[in-house]
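Letters are used for the chains, namely A, B, C and D, taken in the order the chains are written, and counting of residues starts over at 1 for each.
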(Lines give C-alpha, C1' and ligand atoms only; values in the text may rest on other atoms or scores of the structure.)
Protein backbone atom coordinates (compact mmCIF):
# COMPACT_ATOMS: atom_id res chain seq x y z
CA UNK A 1 0.00 0.00 0.00
CA UNK A 2 1.24 3.47 -0.87
CA UNK A 3 0.55 6.68 1.02
CA UNK A 4 0.62 10.16 -0.44
CA UNK A 5 0.11 13.41 1.47
CA UNK A 6 -1.55 16.10 -0.61
CA UNK A 7 -2.23 19.74 0.26
CA UNK A 8 -5.34 20.68 -1.74
CA UNK A 9 -4.69 23.60 -4.10
CA UNK A 10 -7.03 26.56 -4.15
CA UNK A 11 -7.83 26.19 -7.85
CA UNK A 12 -8.96 22.62 -7.11
CA UNK A 13 -11.99 24.04 -5.28
CA UNK A 14 -15.08 25.15 -7.21
CA UNK A 15 -17.89 27.61 -6.61
CA UNK A 16 -19.65 25.10 -4.33
CA UNK A 17 -16.82 25.77 -1.87
CA UNK A 18 -15.39 22.24 -1.93
CA UNK A 19 -12.86 20.28 -4.00
CA UNK A 20 -14.20 19.76 -7.54
CA UNK A 21 -14.89 16.13 -8.53
CA UNK A 22 -12.41 16.27 -11.37
CA UNK A 23 -9.58 16.75 -8.88
CA UNK A 24 -9.63 13.21 -7.46
CA UNK A 25 -8.42 11.67 -10.72
CA UNK A 26 -5.53 14.14 -10.69
CA UNK A 27 -4.58 13.18 -7.13
CA UNK A 28 -4.88 9.47 -7.94
CA UNK A 29 -2.61 9.90 -10.97
CA UNK A 30 -0.07 11.54 -8.67
CA UNK A 31 -0.48 8.72 -6.13
CA UNK A 32 0.33 6.15 -8.85
CA UNK A 33 3.88 7.52 -9.19
CA UNK A 34 5.43 4.57 -7.27
CA UNK A 35 3.61 2.15 -9.61
CA UNK A 36 4.93 4.03 -12.65
CA UNK A 37 8.44 3.69 -11.19
CA UNK A 38 8.06 -0.08 -10.74
CA UNK A 39 7.25 -0.39 -14.45
CA UNK A 40 9.77 2.27 -15.57
CA UNK A 41 12.73 2.40 -13.14
CA UNK A 42 14.49 4.85 -15.44
CA UNK A 43 12.00 7.65 -15.56
CA UNK A 44 11.68 8.15 -19.30
CA UNK A 45 8.48 9.47 -20.80
CA UNK A 46 9.57 8.19 -24.24
CA UNK A 47 9.55 4.60 -22.95
CA UNK A 48 6.18 4.85 -21.21
CA UNK A 49 4.49 1.44 -21.06
CA UNK A 50 1.21 1.84 -19.19
CA UNK A 51 -2.20 2.87 -20.48
CA UNK A 52 -5.45 3.29 -18.56
CA UNK A 53 -8.44 1.24 -19.68
CA UNK A 54 -10.98 2.09 -17.00
CA UNK A 55 -11.48 4.27 -13.95
CA UNK A 56 -14.30 4.87 -11.48
CA UNK A 57 -14.96 7.12 -8.52
CA UNK A 58 -17.35 7.08 -5.55
CA UNK A 59 -17.86 10.44 -3.88
CA UNK A 60 -18.77 9.88 -0.21
CA UNK A 61 -17.97 13.13 1.56
CA UNK A 62 -16.93 16.62 0.52
CA UNK A 63 -13.24 17.53 0.74
CA UNK A 64 -12.16 21.10 1.56
CA UNK A 65 -9.22 23.41 0.95
CA UNK A 66 -7.06 24.25 3.97
CA UNK A 67 -6.55 20.76 5.44
CA UNK A 68 -4.18 18.04 4.26
CA UNK A 69 -5.46 14.96 2.49
CA UNK A 70 -4.12 11.39 2.65
CA UNK A 71 -4.40 9.24 -0.47
CA UNK A 72 -3.94 5.49 0.09
CA UNK A 73 -3.28 3.35 -2.98
CA UNK A 74 -3.34 -0.43 -3.15
CA UNK A 75 -2.80 -2.99 -5.88
CA UNK A 76 -5.96 -5.10 -5.78
CA UNK A 77 -5.49 -7.47 -8.76
CA UNK A 78 -2.65 -8.49 -11.08
CA UNK A 79 -3.66 -10.03 -14.40
CA UNK A 80 -1.62 -11.23 -17.39
CA UNK A 81 -1.02 -7.76 -18.75
CA UNK A 82 -3.32 -5.68 -16.56
CA UNK A 83 -3.37 -4.29 -13.07
CA UNK A 84 -6.25 -3.10 -10.89
CA UNK A 85 -5.60 -0.37 -8.35
CA UNK A 86 -7.76 1.03 -5.56
CA UNK A 87 -7.46 4.55 -4.16
CA UNK A 88 -8.95 6.14 -1.06
CA UNK A 89 -8.98 9.81 -0.04
CA UNK A 90 -9.08 10.68 3.67
CA UNK A 91 -9.42 14.13 5.26
CA UNK A 92 -9.52 14.65 9.04
CA UNK A 93 -9.63 10.87 9.51
CA UNK A 94 -12.73 10.37 7.38
CA UNK A 95 -12.99 8.38 4.17
CA UNK A 96 -14.17 10.90 1.54
CA UNK A 97 -13.65 9.37 -1.91
CA UNK A 98 -12.77 5.95 -3.30
CA UNK A 99 -11.57 5.09 -6.76
CA UNK A 100 -10.51 2.18 -8.91
CA UNK A 101 -8.60 1.97 -12.13
CA UNK A 102 -7.36 -0.65 -14.57
CA UNK A 103 -3.95 -0.12 -16.16
CA UNK A 104 -2.64 -2.15 -19.12
CA UNK A 105 1.04 -2.93 -19.65
CA UNK A 106 1.26 -1.68 -23.21
CA UNK A 107 3.60 -1.23 -26.15
CA UNK A 108 2.83 2.17 -27.74
CA UNK A 109 4.67 1.22 -30.96
CA UNK A 110 2.95 -2.09 -31.72
CA UNK A 111 -0.27 -0.83 -30.03
CA UNK A 112 -0.55 -4.14 -28.17
CA UNK A 113 -0.85 -5.16 -24.55
CA UNK A 114 2.24 -6.90 -23.16
CA UNK A 115 2.54 -9.69 -20.57
CA UNK A 116 3.79 -8.30 -17.23
CA UNK A 117 7.38 -9.63 -16.80
CA UNK A 118 8.10 -11.85 -13.77
CA UNK A 119 10.44 -9.43 -11.98
CA UNK A 120 7.85 -6.63 -12.15
CA UNK A 121 5.08 -9.07 -11.10
CA UNK A 122 7.06 -10.06 -8.02
CA UNK A 123 7.60 -6.48 -7.00
CA UNK A 124 3.91 -5.70 -7.54
CA UNK A 125 2.91 -8.70 -5.39
CA UNK A 126 4.78 -7.16 -2.47
CA UNK A 127 2.23 -4.35 -2.58
CA UNK A 128 -0.86 -6.48 -3.17
CA UNK A 129 -3.43 -5.43 -0.64
CA UNK A 130 -7.13 -5.75 -0.06
CA UNK A 131 -8.06 -2.50 1.55
CA UNK A 132 -11.17 -2.41 3.76
CA UNK A 133 -12.34 0.45 1.57
CA UNK A 134 -15.43 1.38 3.43
CA UNK A 135 -13.87 1.87 6.82
CA UNK A 136 -12.61 5.08 8.36
CA UNK A 137 -8.93 5.91 8.37
CA UNK A 138 -8.80 4.65 11.98
CA UNK A 139 -10.33 1.30 11.04
CA UNK A 140 -7.94 1.05 8.13
CA UNK A 141 -4.98 1.67 10.43
CA UNK A 142 -6.20 -0.99 12.87
CA UNK A 143 -6.61 -3.40 9.98
CA UNK A 144 -3.06 -2.68 8.82
CA UNK A 145 -1.68 -3.13 12.35
CA UNK A 146 -3.55 -6.44 12.70
CA UNK A 147 -1.38 -7.79 9.91
CA UNK A 148 -4.37 -9.50 8.27
CA UNK A 149 -3.04 -8.76 4.85
CA UNK B 1 -29.70 13.39 -26.12
CA UNK B 2 -27.39 16.40 -25.94
CA UNK B 3 -24.50 17.17 -28.29
CA UNK B 4 -21.49 19.30 -27.45
CA UNK B 5 -18.68 20.23 -29.83
CA UNK B 6 -15.32 20.60 -28.09
CA UNK B 7 -11.99 21.76 -29.52
CA UNK B 8 -9.34 20.00 -27.44
CA UNK B 9 -7.04 22.46 -25.67
CA UNK B 10 -3.28 22.08 -25.92
CA UNK B 11 -2.81 21.83 -22.14
CA UNK B 12 -5.27 18.90 -22.17
CA UNK B 13 -2.61 16.79 -23.91
CA UNK B 14 0.16 15.12 -21.93
CA UNK B 15 3.69 13.94 -22.67
CA UNK B 16 2.32 10.77 -24.32
CA UNK B 17 1.12 13.06 -27.13
CA UNK B 18 -2.59 12.45 -26.57
CA UNK B 19 -5.40 13.88 -24.44
CA UNK B 20 -4.78 13.11 -20.76
CA UNK B 21 -7.36 10.80 -19.11
CA UNK B 22 -8.31 13.43 -16.57
CA UNK B 23 -9.67 15.61 -19.36
CA UNK B 24 -12.73 13.49 -20.13
CA UNK B 25 -14.37 14.25 -16.79
CA UNK B 26 -13.88 17.94 -17.51
CA UNK B 27 -15.52 17.64 -20.92
CA UNK B 28 -18.39 15.59 -19.48
CA UNK B 29 -18.97 18.23 -16.79
CA UNK B 30 -19.18 20.82 -19.55
CA UNK B 31 -21.56 18.57 -21.52
CA UNK B 32 -23.89 18.38 -18.49
CA UNK B 33 -24.64 22.10 -18.73
CA UNK B 34 -28.12 21.55 -20.27
CA UNK B 35 -28.93 19.16 -17.39
CA UNK B 36 -27.79 21.76 -14.85
CA UNK B 37 -30.11 24.26 -16.55
CA UNK B 38 -33.12 21.91 -16.30
CA UNK B 39 -32.59 21.71 -12.53
CA UNK B 40 -31.62 25.38 -12.13
CA UNK B 41 -33.35 27.49 -14.81
CA UNK B 42 -32.05 30.65 -13.15
CA UNK B 43 -28.32 30.05 -13.28
CA UNK B 44 -27.38 30.70 -9.66
CA UNK B 45 -24.42 28.97 -8.12
CA UNK B 46 -25.73 29.80 -4.64
CA UNK B 47 -28.85 27.68 -5.28
CA UNK B 48 -26.99 24.69 -6.71
CA UNK B 49 -28.94 21.48 -6.10
CA UNK B 50 -27.01 18.60 -7.71
CA UNK B 51 -24.20 16.53 -6.30
CA UNK B 52 -22.26 13.71 -7.96
CA UNK B 53 -22.25 10.33 -6.21
CA UNK B 54 -20.42 8.19 -8.76
CA UNK B 55 -18.62 8.40 -12.08
CA UNK B 56 -16.81 5.94 -14.34
CA UNK B 57 -14.85 6.05 -17.58
CA UNK B 58 -13.87 3.53 -20.26
CA UNK B 59 -10.95 4.57 -22.42
CA UNK B 60 -11.26 2.88 -25.83
CA UNK B 61 -9.14 4.95 -28.22
CA UNK B 62 -6.69 7.81 -27.87
CA UNK B 63 -7.95 11.33 -28.61
CA UNK B 64 -5.62 13.94 -30.11
CA UNK B 65 -5.22 17.71 -30.16
CA UNK B 66 -5.99 19.45 -33.47
CA UNK B 67 -9.31 17.81 -34.37
CA UNK B 68 -12.74 18.57 -32.96
CA UNK B 69 -14.46 16.19 -30.60
CA UNK B 70 -18.18 15.44 -30.26
CA UNK B 71 -19.53 14.61 -26.80
CA UNK B 72 -22.97 12.95 -26.74
CA UNK B 73 -24.83 12.90 -23.44
CA UNK B 74 -27.96 10.90 -22.64
CA UNK B 75 -30.14 10.48 -19.57
CA UNK B 76 -30.21 6.73 -19.03
CA UNK B 77 -32.16 6.39 -15.73
CA UNK B 78 -34.33 8.62 -13.56
CA UNK B 79 -34.75 7.54 -9.93
CA UNK B 80 -36.57 9.13 -6.99
CA UNK B 81 -33.88 11.66 -6.29
CA UNK B 82 -31.09 10.44 -8.57
CA UNK B 83 -30.22 10.55 -12.24
CA UNK B 84 -27.88 8.39 -14.31
CA UNK B 85 -26.19 9.94 -17.33
CA UNK B 86 -24.13 8.38 -20.11
CA UNK B 87 -21.47 10.25 -22.10
CA UNK B 88 -19.61 9.29 -25.28
CA UNK B 89 -16.63 11.01 -26.91
CA UNK B 90 -16.19 10.74 -30.68
CA UNK B 91 -13.28 11.98 -32.80
CA UNK B 92 -13.15 11.50 -36.57
CA UNK B 93 -16.29 9.37 -36.40
CA UNK B 94 -14.83 6.89 -33.93
CA UNK B 95 -16.05 6.19 -30.41
CA UNK B 96 -13.06 6.95 -28.16
CA UNK B 97 -14.29 7.19 -24.57
CA UNK B 98 -17.50 6.39 -22.71
CA UNK B 99 -18.54 7.51 -19.27
CA UNK B 100 -21.35 7.26 -16.76
CA UNK B 101 -22.26 9.29 -13.74
CA UNK B 102 -24.90 9.37 -11.03
CA UNK B 103 -26.16 12.77 -9.86
CA UNK B 104 -28.27 13.30 -6.74
CA UNK B 105 -30.88 16.05 -6.41
CA UNK B 106 -29.60 17.51 -3.16
CA UNK B 107 -30.21 20.20 -0.57
CA UNK B 108 -26.83 21.61 0.48
CA UNK B 109 -28.31 23.20 3.63
CA UNK B 110 -30.07 20.16 5.09
CA UNK B 111 -27.43 17.83 3.54
CA UNK B 112 -30.21 15.55 2.29
CA UNK B 113 -31.24 14.15 -1.06
CA UNK B 114 -34.48 15.60 -2.42
CA UNK B 115 -37.24 13.96 -4.52
CA UNK B 116 -37.06 15.16 -8.15
CA UNK B 117 -40.15 17.39 -8.68
CA UNK B 118 -42.69 16.33 -11.35
CA UNK B 119 -42.07 19.25 -13.72
CA UNK B 120 -38.34 18.55 -13.79
CA UNK B 121 -38.96 14.80 -14.15
CA UNK B 122 -41.16 15.42 -17.19
CA UNK B 123 -38.55 17.55 -18.86
CA UNK B 124 -35.86 14.96 -18.12
CA UNK B 125 -38.02 12.21 -19.61
CA UNK B 126 -38.03 14.08 -22.93
CA UNK B 127 -34.30 13.43 -23.07
CA UNK B 128 -34.36 9.84 -21.82
CA UNK B 129 -32.34 7.82 -24.24
CA UNK B 130 -30.64 4.46 -24.40
CA UNK B 131 -27.60 5.11 -26.48
CA UNK B 132 -26.03 2.17 -28.37
CA UNK B 133 -22.80 3.07 -26.59
CA UNK B 134 -20.53 0.62 -28.26
CA UNK B 135 -21.24 1.59 -31.83
CA UNK B 136 -19.37 4.07 -34.01
CA UNK B 137 -20.65 7.59 -34.51
CA UNK B 138 -22.12 6.42 -37.85
CA UNK B 139 -24.04 3.57 -36.19
CA UNK B 140 -25.24 5.97 -33.53
CA UNK B 141 -26.52 8.36 -36.19
CA UNK B 142 -28.34 5.54 -38.04
CA UNK B 143 -29.87 4.47 -34.73
CA UNK B 144 -31.05 8.03 -34.08
CA UNK B 145 -32.52 8.33 -37.61
CA UNK B 146 -34.31 5.00 -37.20
CA UNK B 147 -36.36 6.62 -34.45
CA UNK B 148 -36.06 3.57 -32.22
CA UNK B 149 -35.83 5.74 -29.15
CA UNK C 1 -8.02 40.16 -34.63
CA UNK C 2 -9.41 36.81 -33.60
CA UNK C 3 -12.58 36.14 -31.63
CA UNK C 4 -13.28 33.08 -29.52
CA UNK C 5 -16.50 32.32 -27.69
CA UNK C 6 -15.96 30.37 -24.49
CA UNK C 7 -18.53 28.90 -22.11
CA UNK C 8 -16.84 28.91 -18.68
CA UNK C 9 -16.59 25.41 -17.21
CA UNK C 10 -17.74 24.76 -13.67
CA UNK C 11 -14.36 23.42 -12.53
CA UNK C 12 -12.84 26.72 -13.69
CA UNK C 13 -14.56 28.45 -10.77
CA UNK C 14 -13.02 28.37 -7.29
CA UNK C 15 -14.34 28.65 -3.74
CA UNK C 16 -14.54 32.45 -4.08
CA UNK C 17 -17.44 31.82 -6.48
CA UNK C 18 -15.73 33.26 -9.56
CA UNK C 19 -13.42 32.02 -12.32
CA UNK C 20 -9.99 31.15 -10.88
CA UNK C 21 -7.08 33.33 -12.11
CA UNK C 22 -5.27 30.34 -13.56
CA UNK C 23 -8.09 29.86 -16.06
CA UNK C 24 -7.31 32.91 -18.21
CA UNK C 25 -4.01 31.48 -19.44
CA UNK C 26 -5.90 28.35 -20.48
CA UNK C 27 -8.48 30.38 -22.42
CA UNK C 28 -5.76 32.48 -24.05
CA UNK C 29 -3.90 29.32 -25.12
CA UNK C 30 -7.13 28.12 -26.73
CA UNK C 31 -7.61 31.54 -28.38
CA UNK C 32 -4.14 31.28 -29.95
CA UNK C 33 -5.24 28.29 -32.05
CA UNK C 34 -5.50 30.36 -35.28
CA UNK C 35 -1.94 31.64 -34.66
CA UNK C 36 -0.70 28.08 -34.20
CA UNK C 37 -2.34 27.18 -37.51
CA UNK C 38 -0.59 30.03 -39.34
CA UNK C 39 2.77 28.66 -38.18
CA UNK C 40 1.80 25.00 -38.58
CA UNK C 41 -0.80 24.64 -41.37
CA UNK C 42 -0.55 20.85 -41.08
CA UNK C 43 -1.54 20.34 -37.49
CA UNK C 44 1.31 18.15 -36.30
CA UNK C 45 2.40 18.24 -32.69
CA UNK C 46 5.71 16.61 -33.66
CA UNK C 47 6.61 19.61 -35.83
CA UNK C 48 5.68 22.23 -33.23
CA UNK C 49 7.71 25.42 -33.73
CA UNK C 50 6.53 27.97 -31.15
CA UNK C 51 7.64 28.45 -27.58
CA UNK C 52 6.41 30.98 -25.02
CA UNK C 53 8.99 33.32 -23.48
CA UNK C 54 6.76 35.61 -21.43
CA UNK C 55 3.18 36.13 -20.38
CA UNK C 56 1.33 38.61 -18.18
CA UNK C 57 -2.20 39.14 -16.94
CA UNK C 58 -4.19 42.07 -15.54
CA UNK C 59 -7.29 41.10 -13.61
CA UNK C 60 -9.83 43.95 -13.81
CA UNK C 61 -13.20 42.38 -13.02
CA UNK C 62 -14.40 39.02 -11.78
CA UNK C 63 -15.77 36.55 -14.36
CA UNK C 64 -18.55 34.13 -13.45
CA UNK C 65 -19.83 30.73 -14.49
CA UNK C 66 -23.15 30.64 -16.35
CA UNK C 67 -22.56 33.39 -18.93
CA UNK C 68 -20.54 33.22 -22.15
CA UNK C 69 -17.20 34.92 -22.45
CA UNK C 70 -15.63 36.55 -25.52
CA UNK C 71 -11.85 36.38 -25.91
CA UNK C 72 -10.36 38.85 -28.41
CA UNK C 73 -6.80 38.21 -29.58
CA UNK C 74 -4.61 40.58 -31.56
CA UNK C 75 -1.08 40.46 -32.90
CA UNK C 76 0.54 43.58 -31.47
CA UNK C 77 4.18 43.23 -32.62
CA UNK C 78 6.14 41.08 -35.08
CA UNK C 79 9.89 40.81 -34.49
CA UNK C 80 12.62 38.86 -36.26
CA UNK C 81 11.77 35.58 -34.63
CA UNK C 82 9.26 36.69 -32.00
CA UNK C 83 5.64 37.71 -31.83
CA UNK C 84 3.72 39.68 -29.22
CA UNK C 85 0.03 38.95 -28.73
CA UNK C 86 -2.63 40.74 -26.71
CA UNK C 87 -5.73 39.07 -25.29
CA UNK C 88 -8.88 40.54 -23.75
CA UNK C 89 -11.71 38.75 -21.93
CA UNK C 90 -15.20 40.27 -22.04
CA UNK C 91 -18.31 39.11 -20.17
CA UNK C 92 -21.65 40.89 -20.46
CA UNK C 93 -19.99 43.62 -22.52
CA UNK C 94 -17.43 44.46 -19.87
CA UNK C 95 -13.65 44.13 -20.15
CA UNK C 96 -12.66 41.75 -17.35
CA UNK C 97 -9.09 40.56 -17.99
CA UNK C 98 -6.25 41.52 -20.32
CA UNK C 99 -3.16 39.55 -21.14
CA UNK C 100 -0.01 39.68 -23.22
CA UNK C 101 2.41 37.03 -24.32
CA UNK C 102 5.60 36.72 -26.33
CA UNK C 103 6.02 33.66 -28.56
CA UNK C 104 9.31 32.66 -30.17
CA UNK C 105 9.54 30.87 -33.53
CA UNK C 106 11.72 28.01 -32.39
CA UNK C 107 13.47 24.86 -33.53
CA UNK C 108 13.09 22.24 -30.79
CA UNK C 109 15.92 20.10 -32.24
CA UNK C 110 18.63 22.76 -32.48
CA UNK C 111 17.17 24.61 -29.45
CA UNK C 112 17.46 27.90 -31.34
CA UNK C 113 15.10 30.68 -32.31
CA UNK C 114 14.33 30.85 -36.03
CA UNK C 115 13.65 33.89 -38.28
CA UNK C 116 9.95 34.11 -39.14
CA UNK C 117 9.67 33.24 -42.88
CA UNK C 118 8.25 35.91 -45.22
CA UNK C 119 5.06 34.05 -46.14
CA UNK C 120 4.15 33.59 -42.48
CA UNK C 121 5.09 37.21 -41.71
CA UNK C 122 2.74 38.45 -44.44
CA UNK C 123 -0.13 36.41 -43.11
CA UNK C 124 0.55 37.63 -39.56
CA UNK C 125 0.59 41.26 -40.75
CA UNK C 126 -2.99 40.83 -41.97
CA UNK C 127 -3.95 40.37 -38.35
CA UNK C 128 -1.77 43.10 -36.88
CA UNK C 129 -3.99 45.20 -34.67
CA UNK C 130 -3.65 47.74 -31.91
CA UNK C 131 -6.59 47.04 -29.71
CA UNK C 132 -7.92 49.87 -27.49
CA UNK C 133 -7.47 47.49 -24.59
CA UNK C 134 -8.99 49.59 -21.90
CA UNK C 135 -12.32 50.25 -23.55
CA UNK C 136 -15.54 48.31 -23.11
CA UNK C 137 -16.62 45.73 -25.62
CA UNK C 138 -18.94 48.37 -27.14
CA UNK C 139 -16.10 50.87 -27.54
CA UNK C 140 -13.97 48.14 -29.08
CA UNK C 141 -16.70 47.35 -31.59
CA UNK C 142 -17.10 51.01 -32.50
CA UNK C 143 -13.35 51.25 -32.94
CA UNK C 144 -13.38 48.22 -35.22
CA UNK C 145 -16.29 49.63 -37.29
CA UNK C 146 -14.50 52.98 -37.59
CA UNK C 147 -11.81 51.17 -39.57
CA UNK C 148 -9.05 53.09 -37.76
CA UNK C 149 -6.80 50.06 -37.78
CA UNK D 1 11.49 33.57 1.71
CA UNK D 2 9.33 30.48 1.41
CA UNK D 3 10.31 27.15 -0.11
CA UNK D 4 7.92 24.60 -1.57
CA UNK D 5 8.86 21.19 -2.95
CA UNK D 6 6.63 20.08 -5.81
CA UNK D 7 6.56 16.74 -7.64
CA UNK D 8 5.34 17.57 -11.15
CA UNK D 9 2.14 15.70 -12.03
CA UNK D 10 1.89 13.78 -15.27
CA UNK D 11 -1.17 15.71 -16.47
CA UNK D 12 0.87 18.92 -16.06
CA UNK D 13 2.97 17.89 -19.06
CA UNK D 14 1.75 18.54 -22.59
CA UNK D 15 2.38 16.97 -26.01
CA UNK D 16 5.69 18.85 -26.30
CA UNK D 17 6.96 16.50 -23.57
CA UNK D 18 7.52 19.21 -20.96
CA UNK D 19 5.50 20.98 -18.26
CA UNK D 20 2.78 23.13 -19.84
CA UNK D 21 3.14 26.91 -19.28
CA UNK D 22 -0.20 27.12 -17.53
CA UNK D 23 1.16 24.94 -14.72
CA UNK D 24 3.50 27.55 -13.21
CA UNK D 25 0.64 29.77 -12.06
CA UNK D 26 -0.88 26.73 -10.35
CA UNK D 27 2.40 25.98 -8.53
CA UNK D 28 2.84 29.63 -7.55
CA UNK D 29 -0.70 29.71 -6.12
CA UNK D 30 0.20 26.66 -4.05
CA UNK D 31 3.47 28.32 -2.97
CA UNK D 32 1.50 31.35 -1.71
CA UNK D 33 -0.19 29.23 0.97
CA UNK D 34 2.00 30.66 3.80
CA UNK D 35 1.07 34.20 2.65
CA UNK D 36 -2.63 33.28 2.69
CA UNK D 37 -2.18 32.02 6.25
CA UNK D 38 -0.56 35.29 7.38
CA UNK D 39 -3.64 37.18 6.15
CA UNK D 40 -6.13 34.52 7.29
CA UNK D 41 -4.77 32.65 10.33
CA UNK D 42 -8.09 30.83 10.67
CA UNK D 43 -8.32 29.10 7.33
CA UNK D 44 -11.81 30.16 6.26
CA UNK D 45 -12.67 30.49 2.60
CA UNK D 46 -15.74 32.57 3.52
CA UNK D 47 -13.50 35.27 5.04
CA UNK D 48 -11.05 35.41 2.12
CA UNK D 49 -9.43 38.86 1.89
CA UNK D 50 -6.91 38.76 -0.96
CA UNK D 51 -7.46 39.32 -4.66
CA UNK D 52 -4.91 39.18 -7.48
CA UNK D 53 -4.50 42.28 -9.64
CA UNK D 54 -1.60 41.29 -11.83
CA UNK D 55 0.69 38.38 -12.62
CA UNK D 56 3.56 37.75 -15.03
CA UNK D 57 5.81 34.87 -16.00
CA UNK D 58 9.20 34.49 -17.69
CA UNK D 59 9.89 31.06 -19.13
CA UNK D 60 13.67 30.45 -19.18
CA UNK D 61 14.12 26.69 -19.36
CA UNK D 62 11.85 23.71 -19.89
CA UNK D 63 10.75 21.73 -16.82
CA UNK D 64 10.14 17.99 -17.03
CA UNK D 65 8.09 15.31 -15.29
CA UNK D 66 9.99 12.81 -13.13
CA UNK D 67 12.21 15.18 -11.14
CA UNK D 68 11.28 17.33 -8.15
CA UNK D 69 10.91 21.06 -8.46
CA UNK D 70 11.72 23.76 -5.89
CA UNK D 71 9.58 26.90 -5.83
CA UNK D 72 11.07 29.86 -3.94
CA UNK D 73 8.69 32.71 -3.02
CA UNK D 74 9.69 36.11 -1.69
CA UNK D 75 7.80 39.24 -0.68
CA UNK D 76 9.40 41.98 -2.76
CA UNK D 77 7.23 45.03 -1.92
CA UNK D 78 4.62 45.95 0.67
CA UNK D 79 2.31 48.86 -0.20
CA UNK D 80 -0.64 50.43 1.61
CA UNK D 81 -3.08 47.73 0.65
CA UNK D 82 -1.04 45.73 -1.88
CA UNK D 83 1.75 43.22 -1.88
CA UNK D 84 4.21 42.20 -4.60
CA UNK D 85 5.54 38.65 -4.62
CA UNK D 86 8.29 37.01 -6.66
CA UNK D 87 8.44 33.30 -7.47
CA UNK D 88 11.23 31.19 -8.94
CA UNK D 89 11.11 27.58 -10.16
CA UNK D 90 14.26 25.46 -9.99
CA UNK D 91 14.80 21.94 -11.33
CA UNK D 92 18.14 20.12 -11.00
CA UNK D 93 19.71 23.29 -9.62
CA UNK D 94 18.76 25.43 -12.61
CA UNK D 95 16.48 28.46 -12.63
CA UNK D 96 13.67 27.56 -15.06
CA UNK D 97 10.82 30.04 -14.57
CA UNK D 98 10.32 33.30 -12.72
CA UNK D 99 7.05 35.00 -11.86
CA UNK D 100 5.66 38.06 -10.14
CA UNK D 101 2.23 38.88 -8.84
CA UNK D 102 0.43 41.73 -7.11
CA UNK D 103 -2.13 40.86 -4.45
CA UNK D 104 -4.61 43.36 -2.99
CA UNK D 105 -5.91 43.18 0.59
CA UNK D 106 -9.58 43.33 -0.25
CA UNK D 107 -13.05 43.34 1.24
CA UNK D 108 -15.28 41.17 -0.95
CA UNK D 109 -18.47 42.66 0.56
CA UNK D 110 -17.71 46.36 0.10
CA UNK D 111 -15.65 45.59 -3.04
CA UNK D 112 -12.88 47.87 -1.79
CA UNK D 113 -9.19 47.53 -1.09
CA UNK D 114 -8.28 47.63 2.58
CA UNK D 115 -5.18 49.03 4.34
CA UNK D 116 -2.89 46.18 5.50
CA UNK D 117 -3.10 46.15 9.35
CA UNK D 118 0.12 46.76 11.32
CA UNK D 119 0.39 43.27 12.84
CA UNK D 120 0.14 41.65 9.40
CA UNK D 121 2.58 44.19 7.95
CA UNK D 122 5.14 43.35 10.62
CA UNK D 123 4.87 39.65 9.94
CA UNK D 124 5.19 40.24 6.19
CA UNK D 125 8.30 42.37 6.73
CA UNK D 126 10.01 39.40 8.34
CA UNK D 127 9.79 37.71 4.97
CA UNK D 128 10.74 40.70 2.84
CA UNK D 129 13.50 39.59 0.52
CA UNK D 130 15.13 40.72 -2.68
CA UNK D 131 15.92 37.52 -4.46
CA UNK D 132 18.79 37.54 -7.00
CA UNK D 133 16.27 36.18 -9.49
CA UNK D 134 18.59 35.59 -12.34
CA UNK D 135 21.12 33.43 -10.56
CA UNK D 136 21.20 29.64 -10.37
CA UNK D 137 19.92 27.83 -7.30
CA UNK D 138 23.55 27.52 -6.14
CA UNK D 139 24.13 31.27 -6.44
CA UNK D 140 20.88 31.89 -4.60
CA UNK D 141 21.96 29.60 -1.77
CA UNK D 142 25.33 31.35 -1.51
CA UNK D 143 23.53 34.70 -1.41
CA UNK D 144 21.23 33.46 1.35
CA UNK D 145 24.21 32.11 3.36
CA UNK D 146 26.04 35.43 2.94
CA UNK D 147 23.28 37.03 4.99
CA UNK D 148 23.12 40.02 2.66
CA UNK D 149 19.39 40.21 3.11
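Methods note: contacts are C-beta pairs under 8 Å (C-beta built on N, C-alpha and C of every residue); 3 or more make two chains touch, one makes a residue touch a chain.
All of these numbers come straight from a predicted model, not from anything done at the bench.
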> Centre-to-centre on C-alpha atoms, which chain is most distant from subunit D?
Replying inline: B
>> Among B-D, A-D or A-C, which pair gives essentially the same interface as B-C, with more than half of the residue-number contact pairs in common?
In response: A-D
>> Centroid from C-alpha atoms only, then distance subunit A to subunit C, rounded to Å. What do you get?
In response: 37
> Roughly how many whole angstrom separate the Cα centroids of subunit C and subunit D?
Replying inline: 25
>> Two or more other chains touching the same residue: where does that happen in subunit B?
In response: 10-11, 13, 15, 17, 21-22, 26, 29, 45, 65
>> Considering only the defined contacts, which subunit B positions touch subunit C in the complex?
In response: 7, 9-11, 13, 17, 26, 29-30, 33, 36, 43-46, 64-67
>> Per the contact definition, I'd like the list of subunit D residues that touch subunit C in the complex.
In response: 15-16, 21-22, 25-26, 29, 45, 48, 51-59, 108
>> List the residues on subunit D that touch subunit B in their complex, please.
In response: 10-11, 13-15, 17-18, 20-22, 65
